[in-house]
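Two complexes come next, and they have one chain in common, subunit A, joined by subunit B in the first and subunit C in the second.
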Partner chain A sequence: MAAVTSPQAGPALRRGNWGTLSYLFMRGSGVLLAFLVIIHFVIQHVINDVYTLDLNFVAQRWSNPGWRVYDAFMLTLALAHGLNGSRIVANDYILHPAWNRAVNLAILAAGLLWIVVGGTAIIGGVRFM
Partner chain B sequence: MAGSGLASIVEVTRYRGRFGQLDWVLRRLAGLGVLLFLLVHVVDTATVYFAPPAYAWFINLYRSPIFGLGEIALGGGVIYHAMSGLCIVILDLFPALWRYRPQARLVVWALFLAGFVPLAAWMFVRLVEHNLLR
Partner chain C sequence: MDVLLRIRRSNPASNEAPRWDEFVADLEPADRVLDALRYVKWYLDGTLTFRSSCAQGICGSDGMRINGRNRLACKTLLRDVRQPITIEPMYGLQVIKDLVVDMKPFFGQYRSILPYLVNSDPAPEKERLQSQAQREIFDDSTKCILCACCTTSCPSYWANGAYVGPMAIVQAHRFLFDSRDQATERRLAIMSQPDGVWRCRTIFNCTEACPRGIEITRRIDEVRRALSFGMPRVVKDR
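So, the complex of A and B:
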């Protein structure tokens, strides 16, 4: 008969630590995002709107490096928070180990790709053609 | 996978988790909805660098009535997910407050409505002005 071990022992503990990190990250980033995103939404959809939005507007907004830092920070946090959240949801439904691993990797890859694409645009800025 | 997804939708109606469970489902759906728009939004904004002429195409799409309504729903999703999430953060930080969970959930809904009703009205007026009154 296999020895009964504490559920906290071995790999379970490591998983527990990742889970704790993920939990703390979701809460920390969530609090920051609540402010960052609502401020962003008010500026873009209440004070301004989609009817006045064009390349000039974006260029003017990004002429202030502060807004570029703001957007880069929000981009990274929002993608990490959103994709980690979707990973948590996926883990509730996709239980087959191989599929679960594939979905987790796909979400990680999408996160990195989207941060690179979004980050490049923020650093590169508007290109008028 | 699709099977378990369907099963979970059925379970929502059967599992008697009541309000806490419904809030959890709503917060998840709101989060996933906002994420879906975020993924599209990063692509549309990235065109300012990668393909500037395509930016106007995206913005024109967002000016259509369907996307206008979607924009209002997006605002609602952001506010609900934020308020509900902040509530959970505060209660988890001070576990003694969990016994006020029923009242906390009313505060979340009050804050949501206080933010969303004026926002939706404001955005809806703009939507009508730009789509029907021209």
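So, the complex of A and C:
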């Protein structure tokens, strides 16, 4: 595939570039999240009474490693999907170069922070009380 | 019948503030908005400035915002629009005067997508052949008359004029899906720029605005599919 340069080129233009990947990721993660989130909602609010949700409930669920994997997927996909969407919207409207860079960095930092915090909780687990 | 017009007047070259002018024109229900504009210019206010050429919906010169929607003035019948008829220049492009906008960025975006057939094979004795199925696949995008109604109705374009715009993607589609064209990879690379096809938010304003009835959003989606999953076989099999 030949790289093409044009007056507007930043990275080398290729057919399969970040734009394509981002687009496909949003579609794929959106579909997956629809299932993950609906099932999560049903478990947390329909099958169980939301007032019974406490750390013991979480500890009980997470004693099964399958649920930890499930929650890890939901965490990373939701963050990536939501923050990538925020990035796209920010790029649509924030045209000033310095502000655009600052907002993009803030979005990236927030995403990394929440993944680390959430991941620590999922991997570390919670104790029964 | 009497027709009440509200026309946005502005002259950035002068110090006058933009304003709304009202006119009453005596016309028939089957007359068009272009006829009303001509009536105003010829009999009421000669300074009213607008573009028009063929006056029959094929040149695309008189695209403007009529009652809040982008239309061709020569194709919009007076009986089909509510009074007072509010006429403004198209959004997203700089106003030169009254209803005339600067089309240079629009045509710049058109040129950026290589709007010509690229084929380095030696010219055949007669035409370059293609099947009916191959012709059908890009038939819709050949109808574009470069009127700018679609691009100037796109909120993504309003937010950032660097977006290549619906028209450019439709024109790229016309050549991308033409089996006689050989610049497929280059065209796809141009379309997959950050300001290319990925800025489309599937808002559908373009499809609604197109006076030629092109299913623009569908064509944009076909380009995105080509970028994501490859060109359809009917085009690739030359």
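In the analysis below, the second predicted complex is superposed on the first by the 111 of 129 C-alpha atoms of A that agree within 3 Å, B and C clash if a C-alpha of one lies under 4 Å from a C-alpha of the other, contacts with A are read in each partner's own complex, and residues count from 1 in each chain.
What we mean here is this: a contact is a pair of C-beta atoms (placed from the backbone, for glycine too) under 8 Å apart; a residue touches a chain by one contact, two chains touch by 3 or more.
Note that this is a predicted model, so its numbers are computed, not measured.
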Task = Once the structures are superposed on A, label A:Y93 by its partner contacts, choosing first (subunit B), second (subunit C), both or neither.
result = both
Message = Tell me which partner touches more residues of subunit A in the superposed arrangement, subunit B or subunit C.
response = B
Query = When the two structures are overlaid on chain A, which partner does A:I43 contact: first (subunit B), second (subunit C), both, or neither?
reply = neither
Ask   = Touching A:A78 in the superposition: subunit B (first), subunit C (second), both, neither?
value = first
Query = Taking the superposition as given, does A:M129 touch the first partner, subunit B, the second, subunit C, both, or neither?
reply = first
Query = Where does A:V69 make contact in the superposed view: on subunit B (first), on subunit C (second), on both, or on neither?
reply = neither
Inquiry  = Quick check for you: in the superposed arrangement, does A:A102 touch first (subunit B), second (subunit C), both or neither?
reply    = neither
Request  = Tell me which partner A:N17 touches in the superposition: subunit B (first), subunit C (second), both or neither.
outcome  = second
Task = Answer with first, second, both or neither: which of subunit B and subunit C does A:V117 touch in the superposed model?
result = first
Message = Show me the subunit A residues, by the header's touch rule, that subunit B contacts in one structure and subunit C contacts in the other.
response = 92-93, 95
Request  = Note which residues of subunit A are touching subunit B in the complex, please.
outcome  = 27, 30-31, 33-34, 37-38, 41, 45-46, 49-51, 53-55, 58-59, 75, 78-79, 82-83, 85-86, 89, 92-96, 99, 110, 114, 117-118, 120-121, 124-129
Note = Per the touch rule, the subunit B residues reaching subunit A in their complex are 1, 4-5, 8, 28, 31-32, 34-35, 38-39, 42-43, 45-50, 52-53, 55-56, 59, 62-63, 68, 71, 75, 78-79, 82, 85-86, 89, 92, 119, 122-123, 126, 130
Remark   = Given the complex, residues on subunit C that touch subunit A span 112, 156, 159-160, 162, 185-186, 188-190, 192-199, 224, 227-228
Ask   = What residues of subunit A sit close enough to touch subunit C in their complex?
value = 1-4, 6, 8-10, 13-17, 19-20, 22-24, 91-93, 95
